[in-house]
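Both complexes below contain subunit A, partnered by subunit B and then by subunit C.
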Partner chain A sequence: MTARFAFDAAMALAILFAGVMVVHRHPVKSVLALVVSFFALAVGYVLLSAPLIAAIQVIVYAGAILVLFLFVLMLLNVPAEVRQTPGRPIHHTLSAGAIVAFAAALLAVFRSYGASSAPPGPLPANPADLAPLAKLLFSDHILSFEALSILLLAALVGAFALARREGSP
Partner chain B sequence: MTPNGIPIGDVLLASAALFTIGLAGALLRRNAISIFLSIELMMNAANLAILGYASALHSLEGQIVVFFVIAIAAAEAAVGLAIFVALFRHTETIDVNKINLLKW
Partner chain C sequence: MSAADLGIAALRVLAPVLVMLIVLPMLQWVERRGAGLIQDRPGPNRVGPFGLLQPLADVVKFFMKEDLIPSNTDRFLYVLAPGLATFAALSTFAVIPYGATLTAGGRSIPLIGADISIGILYLFAITSLSVYGIVLAGWSSNNKFSLIGGIRSSAQIISYELAMTTAAAGVILSAGSFQLTEVVVQQGGSWFALPYRGWNVVPQFVGFVVFFVSAFAETNRVPFDLPEAEAELVAGYHTEYSAMKFAMFYMAEYINVIVASALTVTLYLGGWTLPGFSPSGIVGVLVSILVFAVKVSVLVWIFMWVRWTLPRFRYDQLMRLGWKTLLPLALLNLFWVAALALWKVL
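What follows is the complex of A and B.
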């Protein structure tokens, strides 16, 4: 019961700061709000017995990806969005309608699938024990893992090729 | 119900809320980097749903999938931000309303 309370509190925090991220006009403050949201999500991952993913969430997502965002924001010196004076009422109405319709559809789908209880397999021993996870990753999913390393190399080369100044060696 | 006593409904509700907030951000923001951040949030909402089901079904496969999703998100962030840097160098802005080369 306490786990459920802690999980709900963490998710409330994550949702709150996700809202702050969307509402804020200044992109740097958006990134900082998203960092808080991702930390709260990491707490949720621990409670869902996935401590390795929680650690990766903090180290890779909050620590590396969002810091990369901050670097680029500082580099480009992006100003805060100014409120548009004429506004685009049609665009906003359509967007709001799409968001509400999407949220309703998502809830309906989750309601129908959330109740269905497939028989769970045997309970994994200790969630903090990483050996079964590592065994699975490096046996059944070894090909995907190696493909991932090639993808990261391609992304590295692609990012370098895109961001370098034209004409420079 | 997960081993820790968290109902799967709570996880899915939080996931749906986060995904909808991310969608709202992607639709309503005009700054390209804010849109990108919203997309990252949507990806995390999906991760949360995957981990919720993995935990409820006592499966480790879900954690493997989320591991791959996070690695691909890292690659995507690197390439996307490089595109924004190149774009900013060309147009001096990353406001998506002012980037209209392909609009008619």
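What follows is the complex of A and C.
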């Protein structure tokens, strides 16, 4: 019961700060809101007994990618945005309504895909055990795993080529 | 869960944290006296015998000082930043085993805050968050020197984290587990029989060196203390901080040094194990804690020794070392460990 409550609280926090990320007018604050949101998501993963996903979520997203975002924002010293069109109440109301309608539609779609309360398939005996996951990743899904690493390598080489093209020999 | 279990769990978590908070001022004394020793001067020697009460005087001074918040700062983040730094530093110790399993009163108590299955990953997750304290301090201070310090810190920590994680991957590979208790137990076996079950530093010496050097960069210590290079940046990210907020950054730095040493001991130097020593009973467990403490102290001293011996790197040298030397070496180490595992040596 407490786990359920903690999960709901974490998810509410994640959604709340995702919202803050969108509406905040200072880009640095937006990134920080996203950090909190990702951290809340990681808590959710832990409560869903997927600690590995939680750790990767924090290491990769909160710890590396968002630090890079911050790095770039601070390097450019981006100021807070000024409101472009002051006072258009009808537009604001309409766009807020559209967002709510879209969210409701999305929720309905997910519901119709049978997001039942029963867990999909049997959970492993020890949910924190990583061996089954590793076995699956390196046997059944080895092809997609390796393809992904080649994709990342290609992206790396591409970024390098783009960065070196101008000016330097 | 009974009250006794709860109490034991609380003690397991709190004990290392409290010990660290008590050791911190002493470390500061050791560092300053050690600096004096290396530079052929007395160091602090006025407050108490051998200046032993100097840390206490410093603490009182930190509490009595005026806590300034400069104008035009982002107040919320400015106050939050030192707390984040200290929190991240303190919470890392939760997954480091600091002694053998204690069996008393029908209970078996592993001496570790939380023996989770993804211990190493948890550590890297928290250390990767510790950069936020420094970056936010630099940014919210509204001072160009602070800002440069914060930016340098983020670039440096991301670069060295890569080499550090890749080096640690060798240990994960040879242990076959992310669990740090498992990593330690696997280093407590025979040094001469195959598969090798001694300290990881022997088969993975390259990994050990890469990991330890990266630890210097991750903790912002000399020769990699570019984020606070006082010769060019005043005091870097904590230029504008005073009183206890400044002291919190100071504490975070020292805790990070202890944690980095403890982690290096756990991954490469056998944790609380000694060759030919199998802890039994309360005395054995106490000895294992002592072994761990001595190993960590030696590494902490090396941190200080290096600080007062080596000059600071230039920023481009720092980046070149990280990307062009340490990362390839870490990858090489990983291949080496994989080959050893394939030949059934590990």
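As a convention for this text, the second predicted complex is superposed on the first by the 138 of 169 C-alpha atoms of A that agree within 3 Å, B and C clash if a C-alpha of one lies under 4 Å from a C-alpha of the other, contacts with A are read in each partner's own complex, and residues count from 1 in each chain.
In this section, contacts are C-beta pairs under 8 Å (C-beta built on N, C-alpha and C of every residue); 3 or more make two chains touch, one makes a residue touch a chain.
Because the structure is predicted, anything quoted here is derived from the model rather than measured.
Clash-free side-by-side placement of subunit B and subunit C is the outcome of superposition onto subunit A. When the shared chain is aligned, subunit B and subunit C each come close enough to touch A:Leu75. In the superposed model, A:Ala108 makes contact with neither subunit B nor subunit C. Legend: residue contacts after superposition of the two complexes on their common chain; A:Ala64 is shown touching both subunit B and subunit C. Looking at the shared chain after the overlay, A:Leu52 reaches both subunit B and subunit C. Once the two complexes are laid over each other on the shared chain, residue contacts for A:Ala9 go to neither subunit B nor subunit C.
The partner of subunit A that touches more of its residues, comparing subunit B with subunit C, is B.
In the superposed pair of complexes, A:Ser144 makes contact with subunit B only, with no contact to subunit C.
Remark: least CA distance from subunit B to subunit C after fitting both complexes onto chain A is 13 Å. Counting contacts by the rule stated earlier, residues 52, 56, 64, 68, 75 of subunit A appear in both its interface with subunit B and its interface with subunit C. Interface residues of subunit A facing subunit C in the complex, by the touch rule stated above, are 28, 32, 35, 42, 51-52, 55-56, 58-59, 62-64, 67-68, 70-71, 74-75, 77, 128-130. Remark: subunit A residues 1, 3-4, 7-8, 11, 14-15, 18-19, 21-22, 27, 30-31, 34, 37-38, 41, 44-45, 47-50, 52-53, 56-57, 60-61, 64-65, 68-69, 72-73, 75-76, 78, 81, 92, 95, 98-99, 102-103, 106-107, 110, 114, 118, 120-124, 127, 132-133, 136-137, 141, 144, 148, 151-152, 154-156, 158-160, 162-163, 165 touch subunit B in the complex.
By the touch rule above, subunit C contacts subunit A in their complex via residues 77, 116-118, 121-122, 124-126, 128-129, 131-132, 135-136, 138-139, 147, 150-151, 154-155, 157-158, 161, 178.
By the touch criterion stated above, subunit B contacts subunit A in their complex at residues 2-25, 27-31, 33-34, 36-38, 40-41, 44, 47-48, 51-52, 54-64, 66-68, 70-79, 81-86, 88-89, 94-95.
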